[in-house]
Amino acid sequence: MEPVAATVYPNYDSVGRAILEAFPIIDFLPVWLVALVIMVVVAACAIVFILVFEGVGSLVLRKLAGDIQSRVGPNRVGPYGCIQFLADGVKLILKEDLKPAACDRVLFRLAPYLAFVGSCAGLVVIPFAVGMIAADLDIGIYYVMAVSSLVSIGILLGGWASNNKWSLVGAMRGAAQIVSFEIPVAMSIIPVILVAGSLSTQEIVRSQGGLFGIFNWNLFHNPFLFFSFFVYLTAAQAETCQTPFDLPECESELVQGFMTEYSGIRFGYFFLGEFGELFVVCALATAGYLGGWHIPFLDAGNLGWFWGNLLSLGVFLTKTFTLVLVSMWLRWTLPRTRVDQLMRMCWKYLVPLTFFNLLGVSLWLLIFDGKGIPAMIAALFG
Amino acid sequence: MSQGPAKRKPIKSNIFDVVPAPAEIPQNVLQKNFERVRACKGGEGIIEVGIADLFINWCRKNSLWYLYYATACCGIELMQGGASKYDFDRFGAVFRATPRQADMLMTAGTITHKMAERVQRIYAQMPEPKYVIAIGACTITGGPFYKDSYSVVKGVDLILPKVDVYVPGCPPRPEAWIEGIRNLQNLIMKTKNYGLKKA
Amino acid sequence: MKTLSAQEIFEKLKGKFGDGVVSLQTESVNPPFAVVPPGSIQEVCRFLKEDPDLLFDYLVCISGVDHKDKFAVAYHVYSTEHRHRIGVKAMLPHDNPVIPTVDVVWKAAIYLERETYDLMGIVFEGSCDPNRILLPDDWEGHPLRKDYIYPEQYHGIKI
Amino acid sequence: MTEPISKEALRTDEWTINMGPHHPSTHGVLRLELTTDGEIVSKARPSLGYLHRGLEKIGERVAWAQFMPFTDRLDYLAGMNCNCAYAWAVEKLAGIEIPERAEWIRVLVCELNRISSHLVAWGSFCADMGAFTPLLYGIREREWVNDLFEMVCGQRLTYNYARIGGVSHDLPPGFLEKTKEFCDYFEPLIDEYNRLITYNKILVHRLKNIGVISARDAIEWGLSGPNLRGSGFAYDIRRAEPYSVYPKLDFNVVVGHADRGTLGDCFDRYLVRIDEMRESVKIVRQVIDRIPDGPVMAKVPRVFKPPAGECYFRAESPRGETGFYLISDGGTNAYRLKIRTGSYMAMNIFEKISKGVMISDIVALIGSFDIILPETDR
């Protein structure tokens, strides 16, 4: 598959150089400084995005809960309660920052940041649009898997440092669960890498382009990938600790699990991290299986810089938010599994299934020379 | 509702009081804030502080997370208040299981002497600013157990330092709870966080 | 299933224990009580439970009653097999209310006896869990006694 | 080849966790002292009394009729059942015959209240299992019953409807039609609940084979009501020792039948409650069809003094046997008033069956017993 125009994804040095050329007035600045400033700006954009996503997401979560539970949900703050998250956020920031007397002060403070950073760092390699990606790393998927492990460290530290037994139980559960479910998550995303032939997320998305509309998505590439998508969703639901797998913070058993002793904005960081991770896994599913930013029957690369990016961003976010909604829908519907059942599910069913699936995909690619079913059907009809 | 012992605060909720419609509250408070600022010859900075006060209070009043804390009969009304028909979530009030993340303690149900220490501890565990609504006859005065029971605390204000709003009833209907929450919101809008404390 | 009347049950008890069973109390009492001395309560209960014609396998309730000059412990038992019921009552002196436990006969007695001890101050000898259950451990007195005086305060909180 | 690890080196310490009295899933102020080895509970000792309000002492200090409101607070989820049980007990003690219509009304409101109580039991059980939505569905339906009770007596939760000698008011006009409407609305919903969550695989796996109580054990430890019937033993006081007009009514005693897993596990106790709602609807329909006209209150003197005597009366409330042991000395007050409740006895067996389960199952156990704390603590 031919790469689309090579200039669409940014290289900070070249952008910095271009800016210096465009504005001779700041010519005296070194290129690295300009590049650094741009990086900071991009990071700020990502943080703002995740904050807004968290705000809107929490509101949607509550509204959706209202719909499912035949309630109304927040509707007093702003029209239809749409700035509820602002009130919640400001209130959390202004709350007293309690530290239990017996807690480990350093680790107690550190834990929420780790959880937050771990989930937000994944944003770096999310291909938002045809030309919008913070850094198109060659090891993109590998990077996401690596940094998202920081979350489990944050959870473990938080539970341990709180010096609360419920927190510790929650933290142990969380660590075991997240580390275990990394494996099925990774193993069910590897088939995508095999098909695309690259670890770079942008490359994976690009490999799903073409003019068959949605049939170029990896989801329909072959039966194994179709299956693999749902395994990924299940495992990702567990990795992000959403109901029915929200064991680290299960409200009815462990009070609030590892977050029990956290108040104010430190709790807010955990909350943000949770939503950030939810977004990252859903975005990865979109990029890996649902064609990423590809607009069906349209080549976003040919639309020009502005419209191409805008439309593809919209498409990408729509797909991702659909997955987020599915996750929330599950969250309000299903009861919770028990910890041993969860582990059994992971090690006895999901892990072997994903291995089998990986084998299937490899054989498929070997036998059919990397062609998917839609491509073969298309070849059949000329 | 009868006046309790002398140490109680005068601010009490009464469901028969005329309460301004919710839409009017911010305007009134805004006006009052500006009047306060005008009365104080401190310069322009104070206006910003007044508006910051307003904003902070607005945020706090619209995000009153309550502790999922129920001891007795009123607890069922707490559940029903959070459910389909009444839905406290409309006012931004969601329940939290841990006191660390709660803003508001609704003492729903009888407090016994065995329980009193735990209530105090739960209150101490909540971060500032925290508010207490005494729900139901039992937590206001001991209710039906006032005279004959040997093990019921005669009012939650004997064991907690402050109670912001009292909602009478045995148990109060969820409408009365909502009234109590709204009264608490009015109360929050009147608090001063910055600036004019000394004046 | 063979439902026996209270009189028949009492006759069976009388036949087994002779003069050990004091009397049958039927006057304005429902269900009637077989009054037994406190010392033989365990044997009587075991017989009630294990005799094939009686089979009182379900201990419904244990209540302590303060009759001012003496205590009474009332056991209500029921047979799920024969569907008959009877009460067993033992009278205790007021100054030293001690009675053997029946939790070796019915496990249901554990909590019922704990409660009776807690609120009435009747000591069940040999009980596997002789602690207070409803009131705090450092509570003084047993509230259901007729001569109980309400304390002024508990841990500094006025009662 | 490494050396075999000695058992001593693998020894782990047990720790004690305090669960409650403020915990989201202890249904109030139950406190459990858990001794656990990791997630496995080796001992769970209930510690009661955080809601001990001295109802029995109050019963000795207030007049017979004045105790009626306190029975509402005895089991606030099933106030009508406790009201009527107390009224029946006092009437039995005093030998009062109450009008036929009053008996039918009592049965009607008792069964309606059984439905609303089981709805909350079901909902909060599901909420304990992590599914929050069923709780709100249960309460949504409960609001219907609350509205009906509000028509009857003006209260939503603490009714104070029964009186010694009858009930306080006749049914308001239109009540029976509204109740019929509720039955028509509610009966299909039970199937919807089953579709929504009952046979959900996660829930079934959480509940089956957990907390198994054999019928023999259940009787030995004094369980009653749905907890006993969940063990497969058909013992319902409405049938075993019929009172009021229950002998004239046609309904089945629901028992657990090992639908998934072992007989007497949490899932059986759960299913018994679901099916009992159906039976209650059946009873309500019969009562609506057959309720006679007439007065609702017998002639009871204003200063009520039952003759001296003792009486033990038991009735089937949603949480098992609610028994009143009343002793009268002929005065205006009870000489002794002892209340025997189902939840209290359920806590009795808790320590026994909670050995070796996991922390998550403790929550399931509490939920499956459907305990309510004012009943245990009184």
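A, B, C and D label the chains in the order they appear, each numbered from 1.
Heads up, the rule we're going with is that a contact is a pair of C-beta atoms (placed from the backbone, for glycine too) under 8 Å apart; a residue touches a chain by one contact, two chains touch by 3 or more.
Since we're looking at a predicted model, the values are computed, not measured.
In this assembly, the chain whose C-alpha centre lies farthest from chain B is C. Ranked by how close its mean Cα position lies to the mean of all protein Cα atoms, the top chain is D. In terms of their C-alpha centroids, the spacing between chain C and chain D amounts to 25 Å. Annotation: 33 Å between the Cα-based centres of chain B and chain D. In this assembly, the C-alpha centroid of chain A lies 39 Å from the C-alpha centroid of chain B. Centroid to centroid, with C-alpha atoms defining each point, chain A and chain C lie 65 Å apart. Counting only residues that touch two or more partner chains, chain D has 24, 49, 52, 54, 57, 136, 140. Within chain A, contacts with two or more other chains are made by residues 65, 69-71, 251-252, 255. Among all residues of chain B, those that touch two or more other chains are 83-84, 97, 114, 150-151. Here the touching chains pair up as A-B, A-D, B-C, B-D, C-D.
By the touch criterion stated above, chain D contacts chain C in their complex at residues 48-49, 52, 54, 56-57, 60, 92-93, 219-222, 233, 235, 240-241, 307-312, 314, 321, 323, 325, 327, 335-336, 338, 340, 344-345, 347-349, 352, 377-378.
Those residues of chain C that touch chain D in the complex are listed here as 27-31, 33, 57-61, 63, 65-66, 74, 76, 80, 83, 85, 87, 106-108, 110-112, 115, 119, 132-136, 143-144, 148. By the touch rule above, chain A contacts chain D in their complex via residues 65, 68-71, 165-166, 169, 243-244, 246, 250-255, 332-341.
Of all residues in chain D, only 21-22, 24, 28-29, 49-54, 57-58, 61-62, 69-70, 72-73, 76-77, 120, 124, 135-136, 139-140, 142-143, 146, 156-158, 373-374 touch chain B in the complex they form. Across the interface of their complex, chain B is touched by residues 135-136, 143, 148, 150-151, 154-155, 157-159 of chain C.
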